[in-house]
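Letters A, B, C and D mark the chains in the order given here, with residues in each chain numbered from 1 onward.
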Amino acid sequence: MQNRLLRKLAVPAVAVAVSALSLGATAATAAASAPTYTIAYEGPLSGGNAQLGLNMKFAVQLAINQANAGRTFGKLPFQLKFLPSDDQGSATQSPTAAQQVIGDSSVMAVVGPAFSGATKAAEPLYAQAHLATVSPSATAPELAQHGWRNFFRVVADDNAQGPADATFAVKTLKAKTIFSIDDGSAYASGLATAFDNAAKKMGAKVTHQTALGTTQCQAGTGNVQQYSAVATTVKDSKAPVTFYAGYYCDFALLAKSLRAAGYKGTLMSDDGSLDPHYVSEAGAKVANGTFISCACADLSKSAAAAPFAKQFEAIAHFPVGTYSAEAYDATNTIISVMKQLGPKGINRASIVNALHHVTYKGLTKVVHFQANGNIAGTAVYIYHVVKGKIVELGLAP
Amino acid sequence: MTTPLTPAPTPGAPLQGTDSLLLEPSGPGRAPWQRLLANEDFRRAVGCLAGFLVLAVMTGPSGSQGAPTSGFTGSLFNLRVFWFVGLAAVLWGAMTLRRRYSAAVKVWNDKALALPRRLLPDTRVRYGAYFVLLVFAVVYPMHISGFWQEVAVQQIGVYVLLAIGLNVVVGYAGLLDLGYVAFYAIGAYSAAFWTGAMPVHLPFHLNPFWTIPLAILAAMLAGVILGVPTLRLRGDYLAIVTLGFGEIISIVAQNLTSITGGPGGVLGIPHFSVHLLGVHYVWGLGNLPYYYLLLGFVVLILIFFHSLENSRVGRAWTAIREDEVAAQASGINVLKYKVMAFSIGASTAGFAGVMTASQVSYIEPADFTYQLSILILVLVIFGGMGSLPGAVVGAAVLQWFPQFLRLHPLFGFQQQDLYIYLGALLVVMMIFRPEGILPSKRRKREIGLAEHGVGSADAMTTSTAEVQ
Amino acid sequence: MCFTQNFSQYLVIGLANGFLYALIALGYTLVYGVLQLINFAHSEVFMSGGFAGYFVLQAVVGKQPHGVMSVVMIVLGIAAGALGGGLVAFLLERVAYRPLRRRKAPKLAFLISAIGASYFLYNLAGKEFGRTSLSVPYIFNGSNSGIAFTIFGAQVQTIYVIWAVAAIVLLVSLDRVVAKTKLGKGIRAVAEDAETASLMGVNIDRVISQAFVLGGLLGGAAGFLFGLNFGVVYTMGFTPALKAFTAAVLGGIGNLRGAMLGGLVLGVAESLPLSCVNPAWQDVIAFGILIVVLLFRPMGLLGERLGRSA
Amino acid sequence: MTAMLRLGGVDVRYGAIPALRGVDIEVREGEIVALLGANGAGKTTTLRTISGLVRPAKGYVALDGKRIDQVSPHRIVALGIGHVPEGRRIFPRMTVLENLEIGAYRRRGDLRSDLQHIFGLFPILEQRREQNGGTLSGGEQQMLAIGRALMSRPQLLLLDEPSMGLAPLVVEAIFDIIERIRDEGTTILLVEQNAAQALQLADRGYVLENGSVVMADDAEALLGDERVRVAYLGEGAA
């Protein structure tokens, strides 16, 4: 009654009023026969980081579609719905995106948030709502140090990958001097710092520079032309190994510039660059010989990988990209837990509890979480670009 | 011999027969196709059709790298295109009818608007309306979901604050600031610094409340330091200097890792709290307490800006905006008032920064981008430059709309297409209503005058440098 | 160590980038000359040129062309890029600017309209052409960026030669067009005094349209030249255009030769310090230089008028 | 003899401020018509209305019996009206030659004979042909402005204050040229503050006050009129 009166009074504020009308519709509808639960995804869907977010969104969507069709887990006693929530990869947008997810009472778990900054901003809210979040891509080490019981991630954090990379560069590649470059993103600078510290500890001389990720690759603010100058600097340093922390697109541009400048040293990068696009954009001639590390097993060795890629492209209209497989694994891990709990046992808190004990064999790895939410057994694999193909060399030393 | 004058027709009466001799705008002696192109009805029809075909592509399926034309063929060579062609025809018909009966439409409009027009100038009615709105703003958020409360604080509240601050700079003084977000960042990082959340901190920590004046001061100081040398420059130059300043601030925040925390940002900025006279209250994760705090401040600032607008200072700004040279000539210290507007705007943004930092308790440099400066500017101009209600409503509507779409993806709306629609909305809006949705009376007059070729409607072309 | 080491190499890189900046900056300056407005959507004109050049080359390049064919491909790509850029610039003026001019809308309204058009165009491109970078086919053996020759110890890449030659040809032709042709005189007359120009029978609407198209041709060509080395993607216009805008202001906005000079100066100025400074500070350097220049020379390096000679 | 140009009941407003009220003026072929009045009386506005720079709120402007009040300025030039604006408005960064070429913007074909004609009228311009317009003296600029307008071969030439700010000798020369232009067959509508000189040259004259025509008569009659003498010729009341 009071509400209706207020709405009448507020004719000029049509905007707010319409939103009020919409609230009624969000209430979960429980079907009598098979209950419906929602798995949400939080990540960038618009703005400069949209592509990275879309890589994950369609993988989540695919996993849900397949589960509903009974293809991955057999016939499930419940139906799954999908709720994508856009945070533009931004910390200030993230709480709003989280509130949308939390406010939908049918949401049982979240894949995401995609970015570390967005996670830092939203995780207190998710924790308060006891809603499990499984991030396919947030790698900042401090995320696991806040005692958020609902926080999980299917990727290794920077502290696992950075030192492994450093060991490979110093011990295996026998580099005495290393040129290390990051793209200025939270992910890359964290990783590069871990890498630099470990390499220095092992006695290598490390020169570090930040070349901001470019708008050419959507995420950053840097300009592409900087890479020619950076390449000159790297070449002058005569470092036999150049380590790049960042994503494949900028890495490809940098690699091209390095080779164009006549740099002969070895190139190395991280999981952000483990993408066939790296080879196609840099060109096989440039990319050959590059080492890439990832805390994930070789996709191509898994029989499920090829159909995954095909089906992904069918719904996304673009090929699988960075973190697609991780997002797919994160979603399936959640679904496996829900299957195990059964319709009677499923609620937000029970899923958090169950995730602490889950073991699920995914595309990229066997998913099992440590108590702090980090992925267990963070084995880092080294990949090598040979004849225009990225092939796995084996575990990092 | 003197030639007698032909008798002059009575003033205002049309000359017999001249109407039929009116030269068409297309001029005489043109090919039929040229005449067709010049025909207003035809042009409108083409415009409507083109507009709706673009809409068909916008709303159609996406293409992909491998098949770059598939999006176009999927939306244009598809049965759905007939919907859009039909809508175009309807719009064209409506426009044609409206033109034909424009006199009748105007009468009808006047009748419908007569009451509001009579009431609006009445201050009692206006203040009554404001009061009702205020009551609404106080009561309504208690009844909405956590999501909308979050929107009310972070998406609307903070942006309203930023918009009314920028409104002082752009709307009142007519200065184009493209780096406004820098001051927002300065405010947020000040809050982080004084509360001890940054890597570099003082031996003591302050309650976030105390950081408000400090952050405002820091932003204001930055505004003065940037403003004094650059506000002599002409409008366009000021725009790019402020843009550069914004970029510099965000790069500094990103790169001085040991001081600012770098790209990883600053986590753990405490929430506001009160510990006074036995009262202990902490603004926690809930949004309502923040909402009311913000509402209170916004109302205070609105009252302050409103009185400022109608004071000597406000009149000086108007003079500068309308004709800087004349303002200077009549003894107004142009630079002083410009710096004043600039730093008042800056400090408002600084305050908004504290609110964000304290509520989210996390900030990162990636959030203070050039695009955000542009967005805030868009809010101000969308609402109506120089108009406080305009800035508030503009920010509220434009910030609310994407959130509405998020919950209600109308017509299969895809979140990744959001900016296509926002972009188109801005263009259409500027074509049909360049003065914004709630223009201030004074600006309406200025724009009206500009339409008649008297004066310019913003201070973008003159500068003190030119005067000197 | 700093600056002295490999000075010539950084200089060559800076000049190469500077040529691209100059080409884009001219679009800003031409439009500014006739409208006293910064065309914020010029970045999307640049992007359109990149895509147009890409699609045309994609369609015609078979196996890696050599020799004369390479040159033909480049010319074809530039032409396609220029046409694409020119077309988008033309439409932009028609849709986002002309209706506002008819209403004598305030300048800031044009700005919003341009920003809206920019959002619209690049997001639409992202939707239609995908959101990841597309590599332009190689038109030289194996790569577009091999080393052509070495001069004073600086390696000059093939792509730099292409940029420089294409830019110089385009810049000189534009200079001639503006100085000598009727079109150019119309543009200059409108830039100096639009009202009087209309009293001389100059159709202001048409001249403004021509200025947009002319700027669009150059911007589009620059988009292709840029994409040739870096690939094309919907967000490609953002940073180069921002830098070019800076360059135009640096040289004196509205001044054609100023834009050319500003582009080269900016390219060099942001490249040289990278021999000793972390590249992350590049934009700080670029904008720092701009601010300093404007404080001491508020009208830019060459002053701000569209005239035959500075 | 019919009117070449005719303004009927023209009202012009700048915002809420009326600039012209019901102005009726006609100009016949071969005449020099003078438009007199104090500052702000509406003389320049009248010329701007004829040229299409300002649209009348009421009334009409007709050239050779066809309405031109909704036609854009550049088309009006093509219809045969040349306009020498107030303050000359030379393009300062273009050469004298380029200024003249712009004057013939609507025309195609060879300009050499026209240039010859202009240089015949103003020999000084030929000497200055490669100089930038902004470097000319006031008188030279006025000559250039007139020459520029003549390049479009107008049938009607609007002259706005051609004597403003010029030395008496130069004014004399300019008025001689105006007469010569008329003798060559161009009709002239002349706005002048220098009423005495203008009326000596003109066939007829109009006096504007506060945006309205208050007097219209033959030039001789106006020269003899008491009120005109007092108000515009600077002679004390007899």
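What we mean here is this: a residue touches a chain if its C-beta (ideal position, glycine included) is under 8 Å from a C-beta of that chain, and two chains touch if they have at least 3 such contacts.
These numbers were taken from a predicted model, which means no experiment stands behind them.
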Third chains touching both chain C and chain A: B
Most widely separated chain from chain C, with each centre as the mean of CA atoms: D
Chain centre separation in whole Å, for chain D relative to chain C (CA means): 43
Length of the line joining the C-alpha centres of chain A and chain B, rounded to whole Å: 35
Inter-chain centre distance, chain A versus chain D - centres from mean C-alpha coordinates, in Å: 74
Rounded Å distance, chain B centre to chain C centre (Cα mean): 28
For chain C, residues contacting two or more additional chains: 126, 130, 132, 278, 280, 283
For chain B, residues contacting two or more additional chains: 62-65, 247, 251, 254-255, 370, 416-419, 453
Multi-partner residues of chain D (each touching 2 or more other chains): 72, 78
Contacting residues of chain B [partner chain C, same complex]: 57-58, 62-65, 68, 71-72, 170, 176, 229-230, 232-237, 239-241, 243-245, 247-248, 251-252, 254-255, 370, 374, 377-378, 381-382, 385, 416-420, 422-427, 429-431, 434-435, 446-447, 450-451, 453, 456-458, 460-461, 463, 465
List of chain A residues in touch with chain C within their complex: 48, 50-51, 54, 184, 209-212, 214-218, 221-226, 228-230, 232-233, 236, 249, 253, 256-257, 259-262, 277, 280-281, 283, 285-286, 318, 321
Of chain B, residues touching chain A in the complex: 62-65, 129, 132-133, 136, 139-140, 143-151, 154-155, 247, 250-251, 254-255, 257, 262-265, 267, 285, 356, 359-364, 366-367, 369-371, 393, 396-397, 400-401, 403-404, 406-408, 415-419
Footprint of chain B on chain A - complex, ascending: 2-3, 6, 9-10, 12-13, 15-16, 18-20, 22-23, 25-26, 45-48, 50, 54, 84-86, 89-92, 94-96, 99-100, 102-103, 116-117, 120-121, 124-125, 128, 140, 142, 184-186, 188-190, 210, 212, 221, 317-318
Partner chain A, residues of chain C touching it in the complex: 5-6, 9-10, 13-14, 16-17, 20, 126, 130-133, 135, 138, 142-143, 145-147, 155, 157, 226, 230-231, 233, 235-236, 238-240, 243, 267, 271, 274-275, 278-280, 282-283
